[in-house]
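The first chain written gets the first letter, and so on, giving A, B and C; residue counts start at 1 in each chain.
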Amino acid sequence: MSSREDILGRVRAKLGRDAANAATGRDTVAATLAERTQGPRPHVNPEKSALAGRFIDQSLAYSSSVDRVKTRAEAPAAVARYLADQQLPAQAVIWPQLAGLDWAGAGVKVAARGAEDADLVGITGCFCAIAETGTLMLCGSPDTPATVSLLPETHIALVSASRIVAGMEDGFALARAELGRLPRAVNFVSGPSRTGDIEQTIVLGAHGPYRVHLILLDNE
Amino acid sequence: MESRSRRFKSNALAALANPVLQGNLKMAKGKFVDKRAIAIKEIDDFEGTREAAKNLRNRVLENLDLWLEKFEENATARGATVLWAKDGAEICRHVVEIGKRHGVKKAAKSKSMLSEEAGLNHALTAAGIQPVETDLGEYILQINDNEPPSHIIAPVMHKGLDEVADLFEKTHKTPRKTEIPALTREAREVLREHFLTADMGISGGNFLVAETGSVALVTNEGNGRMVTTLPKVHVVVTGIEKVIPTLEDLSTLMRLLPRSATGQSISNYVSVLTGVKQPDDHDGPEHLYFILVDNGRAELVGSEFQDMLRCIRCGACMNHCPVYQTIGGHAYGWVYPGPMGSILTPLYTGIENAIDLPHAATLCNQCGVVCPVKIPLPELLRKLRETQVETHLRPWFERLALKGWAWVASHPALYGLGTWFGVRYLKWLAGGKASIPVLGTAPGWTAGRDFPAPEGRTFREQYAAMRAERRKSS
Amino acid sequence: MRVALFVTCLVDLMRPRIGFAAIELLEAAGCEVVVPETQTCCGQPAWNSGDRAAAAALAKKVIAEFEAYETVVVPSGSCADQIRNEYPGILADEPDWHGRAVALASRVYELTDFLVNVVKLEAVPGNFAGSITYHDSCTGLRSLGIKAQPRALLAQLPGVELREMNAAEECCGFGGTFSVKFGEISAAIAERKCTNACATGAAAIVGGDLGCLLNIEGKLRRMGDETTRVLHVAEVLTAKE
């Protein structure tokens, strides 16, 4: 007997599974999947400006830094400003999805591809953002490679105000509606990577970025 | 991993006598307990969320076979291979086989408690595959001659900064660093190289989402993302009880897990991974395997211990346990310490191999009230004690003492006589003092404290005398 | 109101004055107190040690002795909980006894809970004066919700100054048979409790469960503290000093 049959067989025996209750059980499974019951959710004000406000507050609490501009077109200049402030070279790996902005005009040299170890700065957008916890929801694709938010020490993310949703449930609902099925990698990112393993002392920059800088696009 | 749970008592005494450990335990306790207390206040209905989590976990267990089949169906449809393992040895066989099939030389590991259950690192090494632990805590343990973890989410809670500094100096052959950020940076640089060169990533799985056939991984360091993004093969090793129905259920659980574990409202990274790399993708594994593990879990389905299968491995029960806070995790002797470990260890390694663990609790129920999925941990500990009695696993003198006391207490006249002598004997032992420093009949008690002396006459004697007096005067 | 007092074996043996204090408090609240003479132990040590048969035998004995009374009061949260919340489960397989256990359960009260929430005692008889700190015993606190009740009663004494200790709700390390089986661990936990209690500078540590109090007192004396008093809340409420 295969281990699969052995394990499932013992689980079935323990549950007293037979043909009749298997049918009701399958109905229960199907109904549960169809209902998608949500648990209690903390109150998050659904007004657009309130969502942005909460997203910013939570992001700051998670050690991200935040800048606000009006439009997507202003983003390259905001990135250039941040890099200069941080005394980082004006050079970054970027999601191919964002390569069309006028980076050269802002003096930022970008490479649209997946990230490599040597990349110091990664620029991404986000699929949406979650106000409740100050979280970016990143969906991987050829245009939005996962490594850009992971390997570089500095991660800069552009967040359109209209893409801020209340909770994780809303992010998943948006993914179902717009993408149909989940992409291979959905990454929820809340601030820079951290560890507390040594003496429970929090240190930023474990394996992922040391810095996460968010540029909120108010009119987008 | 070989169990040392039989030696719980001597392990615990050693822990009590270890000043470094005691200092670290004291420091960690405050941080975990205080942070959680603050974090649970952020959500309006924490109790309702616990109840919802309990119910959704129970819903799966009621039809666990069907949920596993649903998960398997959806994961397979996205290009993953689902394998099953009855025990630790089969986990090792599967992983080694996968490694050989894809010509793997190095495996980068994100934290997986099941790989501890299986002793996977030994098996990989023996098969010529280099395992590299990448969670900072697990890495520190690995370079310290594969020391076992002492906490399920803070594996090196027992270690001080000095020990880590020594280890890094010795292992990395670099100048000794004494600042925690500098040590973390050094580990980052060493491990980054491993992430980039590993052929295989091995992770646990916090949850398996049946709806989508995905694994959800929760980490703060980002190593979980690394090992599931960079290597060409990703192997998920996880228990059969980890399946949940929907992404909505994942959202509910994510309000509880980080808050209960580290007092965070959300962990830095929550990754929901589904299927294999697509043709134009820049990253992601070409091969994805799930190893769904029994190793004792199926036995609990439908049993009086089924509640334990709801566990989401947050560590809150140990963080809040007065016993864990006093002796740390190693004393428990196997993979899982604290209250959840005192239940899982006997259930997974044999009740006769962990005879002390179910008793190593004051039944204060602090664990029960903090558990995010409302597992009645003290009740399960008590049930294990009952099973020990039923199967004659308790020592004869203990059985005799309990039976004797129950028998005496069932016979009021005998009880009256016995207690009459008992309190007078104790009073005599005290010799006019308020307490007794050494009590031969309860050496455990007086090992660390005095035994307060009784008044000298029982309540029932005094009450009878008082009643007689009242009758006389009326 | 006629009330039956379940003294508890620990009070019977070790601190009878707690039993008399409980009677005094109940009488002050206008109750007629009856003490069934054949009572012994509620069976908790056996139950918590896994001896279901012994626990069931003692449960039946207590039920038979006390079910005739309208109300049963216990000067211990853990023993009250044993009768209220554990007996029905212990006797689940014996329908007749189970029914009797359930019928008794809801009429069993922990002393301070009864005084505050049922008879609403508003003039406690004692005049204790001094600083105290209160240890919340685990079972009373987490299974019966005993927290505000003793404090409300103590607040009726103008001379009592309550100084809350850090981690008042943490276990003292007693745990019944745990304190003997794992004496060293138990004593180390007790040491934390004593350190927290003593840090308040209170003259007395007060609680509602004698097991915990013996554990705390034994540890305090071993630590060389001969002066801090360790008292049951009933003793404080009836003390005439």
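Everything that follows uses one rule, which is that contacts are C-beta pairs under 8 Å (C-beta built on N, C-alpha and C of every residue); 3 or more make two chains touch, one makes a residue touch a chain.
Computed from a predicted structure; not experimentally measured.
Taken pairwise by the contact criterion, the protein chains link up end to end in a single open path, with no chain closing the loop. For the pairs B-C and A-B, the larger set of C-beta contacts lies at A-B. Per-chain Cα centroids separate chain A from chain C by 52 Å.
Here the CA centre of chain B is 32 Å from the CA centre of chain C.
The geometric centre of chain A is 29 Å away from that of chain B, both derived from CA atoms. Per the touch definition, chain A reaches chain B in the complex via residues 2-4, 6-8, 10-12, 14-17, 22, 25-26, 28-29, 32-33, 36-40, 42-43, 58, 62, 113-114, 117, 132-133, 135, 140-142, 145-147, 150, 167-169, 172, 181-201, 203, 205-209. Within the complex formed with chain B, the residues of chain C that make contact are 7, 9, 11-17, 19-20, 35, 37-41, 43, 45-52, 54-55, 57-58, 61, 138-139, 142-143, 170-171, 173-192, 214-215, 217-219, 221-222, 230.
Against chain A, the residues of chain B that register as touching in their complex are 24, 27-28, 31-32, 42-45, 48-49, 52-53, 56, 59, 62-70, 83-86, 90, 134-137, 140, 154-157, 159-161, 164, 180-181, 183-185, 188, 191-192, 195-196, 210-212, 214, 220-223, 225-226, 228-230, 240, 245-252, 254-255, 262, 265-278, 280-284, 292, 294, 298-299, 301-303. Residues 9, 12-13, 16, 322-323, 325-327, 359-366, 368-369, 382, 384-390, 394, 398-399, 402-403, 405-410, 412, 415, 419, 422-423, 434-435, 437, 442-452, 454-455, 457-460, 462-464 of chain B touch chain C in their complex.
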